[in-house]
Amino acid sequence: MGEHGHHTILGFDRYAFNFWVLMIFTAIEVVAVALTFSMKGTVSMNTVVFILVSVGIVKGVGIAAIFMHLQGDEDSRVLTATALFPVFFIVVMVLFIGLTHPDAADTLPAWCRPGFYT
Amino acid sequence: MEAGGEIFWYLFDIFNLWAVIVLVIVLVWMFHHSLRYRSKDGSDNNVDNFKPGVFPKENDNLTMELTWTIIPFILIVYLTYIAWGPIDEMWTADPDAHEISVVGNQWYWEFDCDPMRGTADAPESSVEMENRSAMMFYNENGILICELTTIEVEGQIKPLLRVKAEESYNFAMTSNDVTHAPFFLDWGLKEDTQPGMETRLYYTPSMDEVGSSLLMCTEYCGKDHGYMTAVVEVFE
Amino acid sequence: MSYGGHDDHHHDHQHSHWGPHDWDHGHGGAPHNSWAPIMLAFGSSIFLLGFTKVFTQTWDSEASIWTYAIHSSQLGLLIAGLAIFTAGLTVFWRQDWSHSGSYEAKAVGTPFRTIDIRKVAVWMFLMSEMMVFSSLFSTYIRYRLGFDNCVELFESSIEPGSTVVLEAGQQCWLPASYFIAEGGYHQEYANAALGFMPDTLIPGAINTFALIISSYTIVLALKTAKDSSLSDAERSRKVGNYLSITLFLATLFLTFKLIEWFIGFNIGHPGDWYYFHAPSLSADHFTIHESAYTYCHHWDHHGGVDHKGACEPGMDAIFDIRMSASTFYVTTGTHGVHVFGGMVALAYMVLKAYRGGYTPQNAVSIEYFGLYWHFVDLVWVLVFPAFYLY
Amino acid sequence: MIRSMNKPRSFGLLAILLFALVLAPSVQSYPTGISGAQDGGCSCHGQTASSEVVPSLEGLPTELEPGATYTLNISFTGGPSFAENAEPAALGGFHLWASAGVLAPVDGMVKTNSDGSVTHTGDDKDDTGMGNDQREWQVEWTAPMEGGAKFTLHVNSVNGDGTNGGDLWGRLTAEVGPQPVEQASGLTVLASAILLMVVITLGCVIWVFYRQDPEAFAWERFWPWFSDYITSTDHKKVGTLYMVNGLFFLGVGGLFALIFRVQLATPGNDFLTQDEYNQFFTMHGTTMIFLAAMPMIAGFANWIVPLQIGAPDLALPRLNALAFWLNPAAALLLFSGIFSGQGADTGWTGYAPYIVSHTAHSGATLWVAGQILIVASSTISGINFMTTFCTMRAPGMGWMQMPLFSWSMLIATLMLFISIPAFGIGLIQVLLDRTIGTVFYEVAAGGDPLLWSHLFWYFGHPEVYVVVLPAFGVISEVLSTSARRTIFGYKSMVFALAGIGIVGFIVYGHHMFTSGMSPVLRFVTMLTTMLVAVPTGIKIFNWLQTMHGGSLVYRTHTLWALGFLVTFTLGGISGMYFPAVAMDLHLHETYFVVAHFHYVFVGGIVFGLYSGIYYWFPKATGRMMNEKVGILHFMTGFISYNLIFWPMHRLGIQGMPRRQHTYFITTDEYFALPPEAADWNMLITVAAFMFFASNLILVYNMISSGLRGQKAPSDPWGGWSMEWLVSSPPPTPSHDPSDLPVLEFAEIHEDGEPGFFGRMIQWMMIPEDDGGEEE
């Protein structure tokens, strides 16, 4: 599939633009971590996690949208839908497998206890 | 005696009733339609005029389809509600329950009538501390509520756990190696014993359940899984 | 009607002895046969057989532990499996060698109408890859949330009035980032050259940049291959060069991964301005068998480079850190295997590119491979912060 | 193909195969090998026995006198101990085991082991004996009071360097006196039966080849014909391979079942040992799901889907062939352990931590490796089918005009390839735990046993729908065609399929109600599991209503479809008992579960697939199946099937646990199973043999009808979907790619104003007018 229009972003070649954005954001990632190292105690871990997550999202979107042509091509919309299809199943997996932990049955919270059997 | 506890049979009867109703509907429907609408002479009457490569004419009826979506849904909601009720009964820890420890091993069961002896949480007992043991436990009134002895099952010596009817028990279970699951046959209860964590079962045997029944392992655990038995006796 | 409306293109195909490409019979011929599937299948079967035999662990019933060994006498089976697999792959690609993507079959109908069928297939494959890495991340999240952090555990144990009792071999989570992003025991050797970050982060950081650059070069390869303003010879050369750079960067990635895991590096001497010192993770005892890891909270600055025996008294504990290491190595290793798979495909594409295999009408292979490669890059974008930095 | 290969390449291929063959003997080694070379008790030096080392055992009488004591002389010749450069100190060792009688040492060179066998002294530092510096030893053996005995002697010939390297060993067995009549062990029975099946299958293949054209039969033509099949990438031939593979392993899985049903026929039976029983039920489950049901479904999908949606072939034919060939390759690994008695004994669920514990058989490692190949196969065929469905439907065939079998395959494929990576990752974790020593399931390192259950059932529950949905599709096709009526409520059928597909992912927790899983998740999955009944119910009622106003023609496939309705309804209803936690606590892991899932798997899937075989056989082979034999197959199969599994409900409620090699009947001392349970079990065993035999009727019918049946027209049953457009058997490519069929409509088909989803999909798609042809 060839590209239609959208060859440039802000006057730069879109690939080159995206490439430099990725490079800069990776640098931000590394620097954020380096800061926790060199300025121990001044930057909280939560800040770092926040930076890492937001930078990761930006980078992921950049790669998917520009490099994988999920933005700008005429087949982009339907392929984006394809790429997002597993999201529901991933959410189920992370919720059910990643975020539960085994427990004794009596820890079932009160809101799911009807208690009408005698 | 009968396998399965009171709650099981209560639910089982309700579910069975509805199962039979649904089954009868389906079977009557099926036999009626398949005989009533059969090709009488065995010849091929192309009712809907099928032709290869031609999507046939529609055959649906929204009212009927909605009927057998909504009515089963209501039935399901009812059955879920019925099944939900006893959860509280089964999954609530009785604070006064007597704790018995159950440990699964390849391939034998270990019980302890008084796992908390010598700890701050130990329940009151009229018997002096030094008389407390894994084998026997008396409550504060001096009544025996848990005893552990042995019994012969098919030529093998197995543990015999004796518990008192109408006393509440809290089985604190774990495993030393792999997953096991004690199956209290008469009470219709089981829960896995997992290594590295504690699972729990709560039960108050009734007077109807007086007698001995076999306890089996119901989570596959290797070679002698089938011989991993014990006997649980409820006494008055 | 046929797929993509190419009925007017009746072109002569180069049939190889190994049989033509998948879609040849899409243009009217009989389906062709291929030995590749059967070879690939049994090759992988024999490879796995060899793998389980090379890495057979035995149970030491007296000590109640597994003992691990590499049975090199069984390597033959593993290699035989690989050889058959490689031969199968060669057959597979030999059939593709003459393939021209100009007549790529196109989808009909909703919702992929007019999109290349094989491009849809690549996206389907990426869907299942997403589930693969979700499973690994679910495992990671479950364990990460279920474990105490070793550092926090130790810190709470030395607080006054704390009730935390540290037994030898207590299970806890010592994240790889402790060694990589925080420098582990080598913080003081964050050297003259890179004062602001530990040297141990260097391989991971380089790798991150390497993958991003390689993503860019594969895009450039595609763009160049589609550029009809270039002459054929120049295009082939440039596409080949871009693909070679991609291959080089992928190799660089795995090389630095090995350095980080097993080799480490030590450049110059303490005091030199160019002094770099970063022992490998395995030299720092971050391994899947480390059930008794000596954690040093404070290290003795005079104790030397190796942390062994350099703990300040009372400032150490013994932890079981195997789970952290297992998730780290298996997740990043799975990613590494994906990079390696990409390298194998790249090697084929480099050869094909220099021989003029990719033209503006026939650049689909680069496009499809690019999708996969970007996905691998995307996964690294998540793996890197989750495992290296956090 | 082999002919068109030029010589150097064939030689290269041959060289690789030879290389592999040369290496094959090293497969034969403990502990994960194809056959264990070592008997228990031998601490043999090296992997395999060497013919250089010749043991000898002298002093055994020819006529055995009961109770007498004999002096036995043990010695050996050959091996490194006799080499010229051998060190004089350490020379050799031995181990002697007798099946009866008492072995006793004569001097300090020999000691007795705890199992009654004897061995040399001096094998560790505390042991001061010099027995390992000898080449000859003496022991005394007291004969038993009755019967004879068997001896097994192992000797080590060592080179004295203090390690096992370079040492060799030999073995000798001897018998004395009358020997008891050998009782065939379960493993022997299994091995002979499987061997017999392989021979019969090969015979059938050759027979089919011969019967095709008996006049022109020549052995030289066999290999080209055969290799054309095994290298084929044509969806029809690959489909045939899948079906042959599936039916073969259906038979093998059935053999496992028969053998362990013999064991369970009476309480306390000892036909099988515990170890054998555990391996057999494990392999029964694994074989039936992964090597029988899934390949048979893939076989149907391969054959029918491209024909039905009007495509010339699948999207990726070579990957399709690869997906098939991974199945037999995986079967090799899955079965490799069992003949050494070290097969996987983990249950098909392979629960952690048992599967990574040292008590699990070593063959479990290869079992896991084999499953990984199955995962690869499923992923590849999933990608292939998804792509085919999404891109290659014939012109005019929108989503809502796809035949229901194709719809069911689409949903099944989607579920399969979305869910199976979780299983694959779990398997890789287990494999690495068992080989290189990662600790994902090592409890000592904090491993969570439930993680495996989660990963497994995240896949395992959708997997159940993956195998049952295609059967739904077959039934939809068969009932509609036989009743001569359009399927009732086509749209609600599709929505029900999709609903099952979505809900199927959020219910898996009901397999783990008793496992100690998070209680909130138990509660949530209890609610969602109940929900599955609604779409399944819609499907059953729609099938029933399809017959209304029709003209049902009774054929064998119609009978199987009606049989399916009965058994699947029963299986579905018994499934409703499990989401109720209070009932699940009693019924979990009992025969009620076994009855339920066999009603779904056999009564649902196998009956559905049998129906499909009778339905599409004329299309595939161009010949009609014999209806009379088919009806015989249905009658015997349906009755014996219900005799097997209906009593299991009762056994389960009475509390008979599954996966146990024996069961206990109530005695005076304690309450267990009622005495009638033994009778029911005997009945089940007898019925199991009947059911197995009834399936041979099908095999006979397929082969004989395939060769001599009546010629079939292109649309023998009067179906509407596109597979009936082409001739029987279909041409290759199945539909002419340059002249694809266009779906027509019986009623005026109007594209109404698209709804919300329709507009969304149109917004996503490439516009029809200016898209696509930009070059």
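Going by the order they are written in, the chains are A, B, C and D; count residues from 1 in each one.
Please note the rule applied: a residue touches a chain if its C-beta (ideal position, glycine included) is under 8 Å from a C-beta of that chain, and two chains touch if they have at least 3 such contacts.
Quick caveat, the model's predicted, so the values are computed rather than measured.
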item: Pair sharing more residue contacts (C-beta pairs) when A-C is set against A-B; value: A-C
item: Centre-to-centre distance between chain C and chain A (centres being mean Cα positions), rounded to whole Å; value: 19
item: Geometric centre distance via CA averages, chain B-chain A, whole Å; value: 43
item: Separation of chain A from chain D, taking each centre as the mean of its C-alpha atoms, in whole Å; value: 39
item: Centroid spacing, where centroids are CA-atom means, of chain C and chain D in whole angstrom; value: 32
item: Residues of chain A engaged with two or more neighbouring chains; value: 2, 75, 78, 81, 86, 89, 93, 97, 100-102, 104-106, 108, 112
item: For chain B, residues contacting two or more additional chains; value: 7, 84, 86-87, 89-91, 191, 194, 197, 199
item: Junction residues of chain D - those touching two or more other chains; value: 418-419, 422, 446-448, 450-451, 455, 515-516, 519, 523, 742, 764-766, 771, 775
item: Pairwise chain contacts, counting only pairs that touch as defined; value: A-B, A-C, A-D, B-D, C-D
item: In the complex with chain C, residue positions of chain D that touch it; value: 1, 4-6, 9, 12-13, 16-17, 19-20, 23, 26-27, 29, 31-33, 47, 227-228, 230-234, 312-313, 315-319, 321-322, 324-326, 328-330, 332-333, 336, 358, 362, 365-366, 369-370, 372-373, 376, 379, 382-384, 386-387, 390-395, 397-399, 417-422, 424-426, 428-429, 431-432, 434-440, 442, 444-448, 451, 455, 732-733, 736-740, 742, 761, 764-766, 768, 771-773, 775
item: Residues on chain A engaged by chain C in the complex (per definition of touch); value: 1-2, 15-16, 19, 22-23, 26, 29-38, 48-49, 52-53, 55-56, 59-60, 63-64, 67-68, 75, 78-79, 81-83, 85-86, 89-90, 93-94, 97-101
item: Interfacial residue positions of chain C with respect to chain A in the complex; value: 111-112, 114-116, 119-120, 123-124, 126-127, 130-131, 134-135, 137-142, 145-146, 177, 181-183, 187, 190, 195-198, 201, 205, 208-209, 212-213, 215-216, 219-220, 223, 226, 367, 370-371, 374-375, 377-378, 381-382, 384-385, 389-390
item: Footprint of chain A on chain D - complex, ascending; value: 418-419, 422, 448, 450-451, 454-455, 458, 502, 505-506, 508-509, 515-523, 763-767, 771, 774-775
item: Contact set on chain A toward chain B in their complex; value: 102, 104-106, 108, 112-117
